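What follows is a set of structures to go through.
In the two complexes below, chain A is the common chain; its partner is chain B in one and chain C in the other.
Up next, the complex of A and B:
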């Protein structure tokens, strides 16, 4: 199942000049701007609270009111958003070399302009690009995508055909999961599933998801390299 | 105190090197649980779960309200988690931290989103009156693995709870007192339970039912919720060290076995509780005979 990367996804680096790192990512109709600030000195909220030796990663997600089909205000205290923020922070804290920046904070801010499924996956991909742009050392890209299962959970497992990269409508109807990889082949960093599904379906769904992650990784890598070449050319000229 | 004090370097290295040899500090096998006890309170809908030193109390309450305008045919079901300083000094009153956030989200996804409770059966008059079922979890003692203990307590409490009976005649609704009519059980579609796995040494060592110390030293966790029919309600692995896709799948197989055990335990505990409440059986209830004072009391009254 190839992802049609040419027309379907748009990824850019260094879109915001003032931020340390920034990116813009479209996955289908899901559109996200990500900015990264830091690593910089932690604000002294509570003197000795930082027990971990490495940098602390803070994530904030703001979902625009106009991003969905219905106009809706998304509060910052929405538990679903807070859970996504936690997921993104902890996914990157194991991948970034945080130990190089003791007593520092890296702030990832994600702005969701339009949402049409695969929100968490798109957020993770956008954050990876912005962190690369910011020059924070990391062991590997964190890439994520969603997979769904076509047959409903009541049906038998044989005809279930896994789908890759779901849009908003598909997410409402089908059982799906978000899988994120980092650190080489088939290493699962993030795995979130929120819908009921038979245990037998999982294996196929995860393996299709890992395959999708590999494709997205290649795509992001291409974007990063092209951006690097452009930057180098600008320096030479 | 904003968070639990981190374990000392000595403690954590000792724990990790023991785990490398598949030894846990309390002598359990890697996939063994601490002794679980499940007891029900005298009221319907209270369940008390002890998992080693961890103790969680679930309480269900019910009241009549108006349903949400966009969900006219559904009752309301809310889950509250109360992490008070009683459980651990790291919990502060009125301040939400990550432990509470993740706990409430996992329970929400496991029990509410998977449709374990049929909320339509809580509707009384569409768009006007419905039952609001409030489940509150009190963490009385925190020694790790709050998620599994809380989920077990909550499911047990839901199965134990009985709401007042109602009768609808046109627009008139009568809610019967417990003494007038036998209260009725909730409609539970399936019983999901959470099993959490903590892992160490880049996923080489997987441990079930981690204690607080083990939780503080772990590299990451995978929480799997499923019912005994093998339907997975949710899986959550929030970052942490990356592990093989296969070892996540092996978690679900191990979880299935564990969940079957939980299901059996809850069924047996409910049966024992029912037997305790139903003293004397049907014959005692049907008997018209009043209790007579015994002989010794009669002698006493003569004096």
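Up next, the complex of A and C:
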């Protein structure tokens, strides 16, 4: 199934009226609601960050207790979550025009309702949509997807076929990486791999990942344009 | 801005709001009638990985998602129970009276599931952005919702599987936006919808065996049975609604600005049950007064005390006397004291009566398609 087929992934903008920008993204069974607040004045207590010339990007991820197969509470200080928050903040810091908003904060809150693989990639895509909805200027979409490599112990690296967009079960079995790009496929913002893989396969995996990112970029672009048309029609009518 | 609160209203604005809400009929800032609910958007069965789920968006933009998840757990009383149960079984086999024992127990199971549930089998967790799990608001809200859910006494018994195992029901409530108005009604209505859509897998094993369930989701049954024809056991999960009073007026579903001038705020939990002739009757399960945020607002300064407007500077004691005499007539004074018993009675009646607010809300929610 192609990544951007509408039965596989569903994306919506402006799902919540109370936030400056919001989005809902489904990639397979991974479902995420993202809200963006800001850019707004930094809270006074963080003295150091308010001195910075550009806007400060804060990300918070809350993973719902019912998101997995078994019910599990995820603490706020979970190391994996913290790392993902940092990755998302730094991925957007080079794409958003933060220098336009000195002494301010952009808060991205991600709520994971259901997770089945590609969590970081889905978070990045949802955050992009919400930031577009919030009207934060950016040079391009940040889009991400995962690629895995089959036959983890096979000898020759060339024949191993890379897989695009892994689900939860595949992520447990196969070595995989998350690649996030902006500016078409020119610029890689995020490249994270937590498993081991032979170096020979890495190139194939990354190139498949870049191709996947381009597909997702097309999908997000379509969603944004459709939403824009609807907004315009509502204004005219 | 008033000190200690997030109410961005000045004493003059508060006084204006309070006055217009005390009119007969009250004039609400958004033009609603006193018993009118704000419109909401709701959907259920949104998450396939849960037993039941729902999402509600209120008109002011606040949004909540509730996921209900059930897990099988071994009963804690098992250790003490095994000795007795095991011995009985052995005796029964030896005596050759297995059939009789079985029959008895089957009857037993149908009738005496009641009273076997434990309150700890239900776990409600509330997550509010920007708040810790042990902050006062989430703890208080989850206690209030748990209280209402357990009050009908039937839910916990439905979690009983057999003498060795039970369901543990986790209700995870996520508030996805900042808590603009007091989020209790939103969370309660979402929980109501999620529980209505909650389904439990059908049990295949018998009696005290390790539980084995039918993996066909079509065969599952609802936690709250939704029988159309049968009038009995038409229980539905409770809803908790917020009602406030200003003077003699009673106002349902207060918005954030209205709460800022409330004299008293009461959270009323009601559960619908049907009479034999298929009419919905609301039963009051729990009642809690909520500390209104209006008590923390700053009082206005009477003109007589305002030295910049030609007032005289008085001693503290004189100023106090003047403020007390004023009674909030000319300037805003945060409400204090309790609420009249008659007003509470009228509040409950407003929610529970036929064609009242509670019925309107429940009928609206029943119209939500899964």
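One rule holds in what follows: the second predicted complex is superposed on the first by the 222 of 237 C-alpha atoms of A that agree within 3 Å, B and C clash if a C-alpha of one lies under 4 Å from a C-alpha of the other, contacts with A are read in each partner's own complex, and residues count from 1 in each chain.
The rule is simple: a contact is a pair of C-beta atoms (placed from the backbone, for glycine too) under 8 Å apart; a residue touches a chain by one contact, two chains touch by 3 or more.
Nothing here was measured: the structure is a model prediction, and the numbers come from that model.
Colleague: Does chain C touch more residues of chain A than chain B does, or is it the other way round?
Modeller: Counting contacted residues of chain A, the larger count belongs to B.
Colleague: Could you pull out which chain C residues touch chain A in their complex?
Modeller: Those in contact with chain A are residues 46-50, 53, 57, 59-63, 65, 67-69, 71, 125, 127, 129, 170, 172, 174, 176-178, 180.
Colleague: So in the complex, the part of chain B that touches chain A is made up of which residues?
Modeller: Interface residues on the chain B side: 2-3, 5-6, 98, 101-102, 104-105, 108-109, 113-115, 219-220, 222, 226, 230-245, 248-249, 252-253, 256.
Colleague: What residues of chain A sit close enough to touch chain B in their complex?
Modeller: Going by the criterion above, the answer is residues 46, 49, 51, 79-80, 82-83, 86-95, 153, 177, 181-184, 186-200, 202-203, 206-207, 210.
Colleague: Taking the touch rule as given, give the residues of chain A at its contact with chain C in the complex, in rising order.
Modeller: So the residues of chain A touching chain C come out as 15-19, 29, 31, 33, 35, 60, 62, 64-71, 73, 109, 111, 113-114, 116.
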